[in-house]
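Below you'll find the structure I mean.
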Amino acid sequence: MKFRTMLMAGVALASAAGFAASAHAADDKTVQMLHWWTSGGEAAALNVLKGDLAKEGFAWKDVPVAGGGGEGAMTALKAMVAAGNPPTASQILGYFAVDYAEAGKLGDITSLATKENWAKVVPTALQKFTTTNGKWDAVPVNIHSVNWVWINKAVLEKIGGTEPKTFDEFIALLDKAKAAGVIPLALGGQPWQEATMFDSVVASTGGIEFYKKAFVDLDESALKSDTMKKSFDNLAKLKAYTDPNFAGRDWNLATAMVIKGDALVQVMGDWAKGEFKAANKEAGKDFLCYRFPGTDGSVIYNTDMFAMFNVPADRKAAQLALADATMSISFQSAFNVVKGSVPARMDVPDTAFDICGKKGIADVKAANADGKFVGSMAQNYAQPPAVAGAYHDVVTKFFHGEIKTSDSAVTELVKAINAAK
Amino acid sequence: MTEITVAPLADVTMPRPRGSVRGRLQDALPKLVLAPSFAAILLFVYGFILWTFYLSFTNSKAFANDHLVGLSNYQKLWTWTFETDPPSGWYTAIINMGLFGGLYVVCCLALGLTLAILLDQKIRGEGFLRPIYLYPLALSFIVTGTAWKLFLDPGIGLEKAVHDLGWTSFSFDWVVNPRMMIYCVAIAGIWASSGFVMALFLAGLRGIDGEILKAAQIDGASGFMMYRRIIIPIMRPVFFSALIILTHLAIKSYDLVLSVTGKNPGGAAELPSTFMYSYTFTRNQMAVGSASAIIMLMAIAAIMVPYLYSELREKSQ
Amino acid sequence: MSFLEIRKLKKRFGALEIIKGVNLTLEKGGFLVLVGPSGCGKSTLLNMIAGLETISEGEISIDGSVVNDLHPSKRDIAMVFQSYALYPNMSVEQNMAFGMEMRGVPKAERDAAVTEVAKTLQLDHLLKRRPGQLSGGQRQRVAMGRALVRKPRVFLFDEPLSNLDAKLRVDLRTEIKRLHQSTHATIVYVTHDQIEAMTLATKIAVLKEGVLQQVGTPYEIYNNPANLFVADFMGSPSMNLMTGKVTRANGHASVLLERVDGAPIELPAPRGADISALTDGRAVIMGIRPEAITDLDGADRHSKGISMVDARVDVVQPAGSDTFVVTKIAGKEVTARMRAETIVQPGQTVPFAFNLDKALLFDPASGARL
Amino acid sequence: MSAADALLAAEPRRDPSRSSMTTRIVIYGLLGFFAIVYLLPLVVMVMTSLKPLDEVTGGNMFALPKEPNFDAWAKAWGTTCVGLTCEGIKGYFWNSIKMVIPAVLISTLLGALNGYVLTKWRFAGHRLVFGLMLFACFIPFQSVIIPMAVILGMLGEWGNFFTDNLGVSLGFGNPTVNLVLVHTVYGLGFTTLFFRNFYEAFPTELVKSAMIDGAGFFQIFRRIMLPNSGPIFIVTVIYQFTNIWNDFLFGATFAAGDQSPMTVAVNNVVNTSTGIIEYNVNMAAAIIAAAPTLFVYVVAGRYFVRGLMAGAVKG
């Protein structure tokens, strides 16, 4: 960073020598928004926000970078921040927000938060990511949870299955499907999908307390425990129910298999519901949403947030307007109905939601109250990206047979996590 | 021809008018013209390499920082280099670079040369065929990768098509088999770049002095011998150009890997470029990413510098 | 003071010395040919005169002023290159006018000059063509025209004819000679072809490895070579060189040439040689040009130094105007130039008339004339 | 043959007809086979783009479209959503054009000048300079993003400074200008390589002659070198055009938003995180994005080979 300092000094000198920097005349009434929500439903939902802001006189400057769960967008964001030219706000996930906050790159919207009393309505666990040292610097848009299974109702009826309540029942159900000649489990074989599924498997196998101990506290004995081994074994069992071509498949293609009835079930976060809706399928009638067997009552969450960057004073008003609009009850409801997730504030009425949405909202409230509301390891909500990346590595290697036994899987997991810490 | 066989330092060394400012300016003009480009390269390439080098000794995570930690990032990579069971991401990246890079470069050269030789046999419709081999280069690696991923997908692509034709035992599932995936990346890469190599070789073939070929024919060289002993050796400079271009494409083939494999399942399609990218940008271990970038550059330098050196030297002698 | 003066000129590339202290002068209107084998430095020397190579040491002056530090374009010279160096993107006309254009000569003037030169060189009908559409000879002419049109102080020719076939070469040689005679231009001309050198030059400079061997008129160079190198280099077929030994008797020196078959040949030392240097038993090289070895009838009747030698004929090469007869003397092939009508057969032993007036003696070690 | 002659007469020639009937059949067979292999992916892409979506997802990808239509193309061009705006990718096409053209021209011209200096105006250390420029081709772009962003950020501050004081930013901080800069810098290695190799074989006597004729450094370049560099210009321009047009990483990182080039927009269409994948629209968008480069290769392919022949390949 040395040369940057030097060059900056040069710039500073140049400006000091010649001209006193004149203040910008008026407030910049644009909201520059970096995000990767480029598909129909999400874009439509964001358009609501855009419209809300337009009513208040703020223009929306769209900066979409699609793909890779925001990988491209995160790179662009890093470049923008490094250039000292951050967007007004950016869609951001989990610990990435913490990183930017700790680096002092985020702004302060505490005044608005206090006024609106967000601390009361946003689940406490989420506030870990939206506040830093008590200061609000990001707003949550939604709460996703990853411990869902999505089932094609017609197929379930055809094979004569019922809702599985435990992991063993789940396996039995998958067996039934297999016997009936249906692909039991639709899976996209990409590291993050496998890891996301493993989140649920661990919570199901060891219970939510075990999950917390292992992934939130990174307790080594838990990571090495037989329960963790059993979780890996359970994951291995699930692999037997996939079709042979699962590797590298995008998650929405897997969802499509369920929608079309080619496959019975997909283990996926509630964003999968958006796919069903886009295919004009109705919750409860065409498809069913259950908690991952053995995890009912717990919510393994991830959340989309808008991080509010440290912008010059003239862009501050627009930023606050964006934050305010994002947190409005109407937007939270409208957006999450489309997105499949549940509102990030718990005082949003569930009237507009379908049965899955209603269940989701209720689950979040209950889990938040019971302390069963935990961040997803796979989605960077339990640990920073380095550890989550190590977790992805081990799970995907195990799932694809590079790591052969659950014994070595737990050893590798501990080793990889320690190396990444 | 020129008299002096010893390489002169300069082809044209102009007299230097002493004293006059104008004269000196004239004298320095060529260097002044080159200077901006060279300065840009120095800053934007070598400056950045230095910066990366510096970062590789820090514990930079999401952002660059100045906290020096010595060689620990390199130590990490060094340990990973020997972790083969299960393979560490870095080990896989190195192995894959060898596999992919080797296959990609060798097959592109072989296929390019073959196509060029075939096309050079006074082919009717050459003007029609040539763009067919050349066009894949016009597509970006992302498009290439996506097309090949679909094309090779056993469920909807080639395998299914062959099954539909009636050959149901046909199996080609490399693109979903983590162990074989890297070969699919190579196939897509070869498809994309071999046409360009073909063009290079075709140009090389067309540039060979006809008299040399006549002489070889009179000497009794048959078609195959003629290519093996005369034509291919003459085209050494073409190999040089092709190799430089292919190597740089192989090193940078980041988009291709991710789009063909679908985000690298099982970590099996890791390449140094994907490794570096993911550590720098998605795993927020910038220092490790930087160290891997430095190692990658040193490896390239170890291979390319002697080669560049000998080729550049030889030519001017 | 001469028009072109080169003083103690040196050229170094790193540690390597290419031109090792050359002194040369050329009067105005003179035609200097730099001749020598490949790698002797003649082109470098020419490039230094042109200003295309820097001078490591020494001086070059044109018309009294030192041009060492002058840019080529400021030296008022023109150069004709071996490859012609015609700009492929320009028509003949544009090629010829380019130098004037660069110097800001008005268009009308340029056109007039081009037209005039084109007429002299019979290029008028080619003016609109591109170099690619011309034959070798035409390109060569354009290259000369391009030089002529500028009316420079000095013309530099760098092997201008070596890319042409034999007949064209002779034609253009004549043309260059004629041009020189009519324009009285000052010309420096580089070639490795000694016939070109002989026919064109008013002054020849023979170079070897960056050292000037001899400077003189074509006649001097041919008949009075300063050393073995010059003697050997100039003339075609080249001079016969036979190793022998001096024998002295009664104040007369003669040269003894050993033969494989038959008795040694004893020939009186040539009259031009420095008798005092010819000590008894000293090894020498006798050089004698083919035209000085003839059949008896063909021998120069005015010469006082004809010696007859019988030798076996190896090869007979009729060349139309003459017949070259090759024999072996002193282990070396010796070529004689006999009249065309001479009838000899290989294997025959015939008398050869040696005109020793034209023979030269050299020191085998230093190569110097004795 | 002198290099000048080669320059003037670079026509393919190959006399011996050294193949019998069977070998001809084998040759044509091989060429035909490879042609099919090379064409297949494009054919599939085109066919997919001409089918309605249900035919794509339901049918065989190698099947001919039942009722081919250009709806997907029209949608990709004019109405598909890129982020929140649903005006297709046409606007980004223009972004790409206005970025690619200056970047290609500047990098090519600089490459030509560099090649000219490195071959005809050599100086001590010219080989080292060239070696350093050549090795620069191998730097992985992923590792330059952050420092590049810092530099571009500073340029942006200059832009603000100029805007404040002069009223115009002079281009500093403009994303398009930034991309032009980035692509120019990282293209220099190759353009210099191409031109150096070409000019290496370019007869130095022409330069000497022009020098004696009184032409200066730039005059020689403009009047002698450039007019005779047609073939290598074509090669370099095609190469640079393809690379810059197809770049995604720099475009997405340094020019995200409404200034982003075509590739980024296409990615935003194709690589959506959720929602129904409209393969037909995606393929149409991909083909549209590739159209300029495809066009260049098909139309100028002949000149490309000819240009390579004229010097780029002479190592």
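As written, the chain order gives the labels A, B, C and D, with residue 1 at the start of each chain.
As a convention for this text, a residue touches a chain if its C-beta (ideal position, glycine included) is under 8 Å from a C-beta of that chain, and two chains touch if they have at least 3 such contacts.
As the structure is a computational prediction, the values presented were derived from the model and not from experiment.
Student: Provide the labels of all chains in contact with chain B and in contact with chain C.
Tutor: D
Student: Greatest Cα-centroid separation from chain A: which chain?
Tutor: C
Student: Once you find the CA centre of chain A and the CA centre of chain D, what distance in Å lies between them?
Tutor: That pair's centroid distance is 38 Å.
Student: From the C-alpha centre of chain A to that of chain C, how far is it in Å?
Tutor: Spacing between the chain centres: roughly 89 Å.
Student: Using the average of all C-alpha atoms in each chain as its centre, how far is it in Å between chain C and chain D?
Tutor: 55
Student: Can you list the residues of chain D that touch 2 or more other chains?
Tutor: Residue numbers touching two or more other chains: 145-146, 148, 151, 208, 211, 267, 270.
Student: On chain A, where are the residues touching two or more other chains?
Tutor: Residue numbers touching two or more other chains: 68, 75, 78, 82, 250.
Student: What are the residue numbers in chain B that touch two or more other chains?
Tutor: If we look for residues of chain B contacting two or more partner chains, we find 9, 12, 14, 26, 47, 51, 64, 281.
Student: Considering the complex alone, what residue numbers of chain B touch chain D?
Tutor: 9-12, 14, 26, 29-31, 33-34, 36-38, 40-49, 51-52, 64, 114-115, 118-123, 127, 129-144, 146-148, 150-151, 156-157, 160-161, 164, 191, 195, 199-200, 202-207, 209-210, 213-214, 217, 223, 235-238, 240-241, 244-245, 247-248, 251-252, 254-255, 272-273, 276-277, 280-281, 286, 289-290, 293, 296-297, 300-301, 304-305, 308-309, 311-313, 315-316
Student: Flag every residue of chain D that touches chain C in the complex, lowest number first.
Tutor: These residues of chain D touch chain C: 2-4, 7-9, 203, 205-206, 208-215, 219, 223-224, 227-228.
Student: Can you name the residues of chain A that touch chain D in the complex?
Tutor: For this pair, the touching residues of chain A are 4, 7-8, 11, 14-15, 18-19, 21-22, 32, 34-43, 46-47, 50, 60-70, 72-73, 75-76, 78-80, 82-85, 250, 252-253, 256, 271, 274-275, 278-279.
Student: Looking at the complex, which residues from chain C come into contact with chain D?
Tutor: 47, 50-52, 71-73, 77-79, 81-90, 98-99, 102-103, 131-132, 146, 150, 163
Student: Please output the residues of chain D touching chain A within their complex, sorted ascending.
Tutor: 57, 81-86, 145-146, 148-154, 156-158, 161, 164-165, 173, 252-254, 256-258, 264, 267-277
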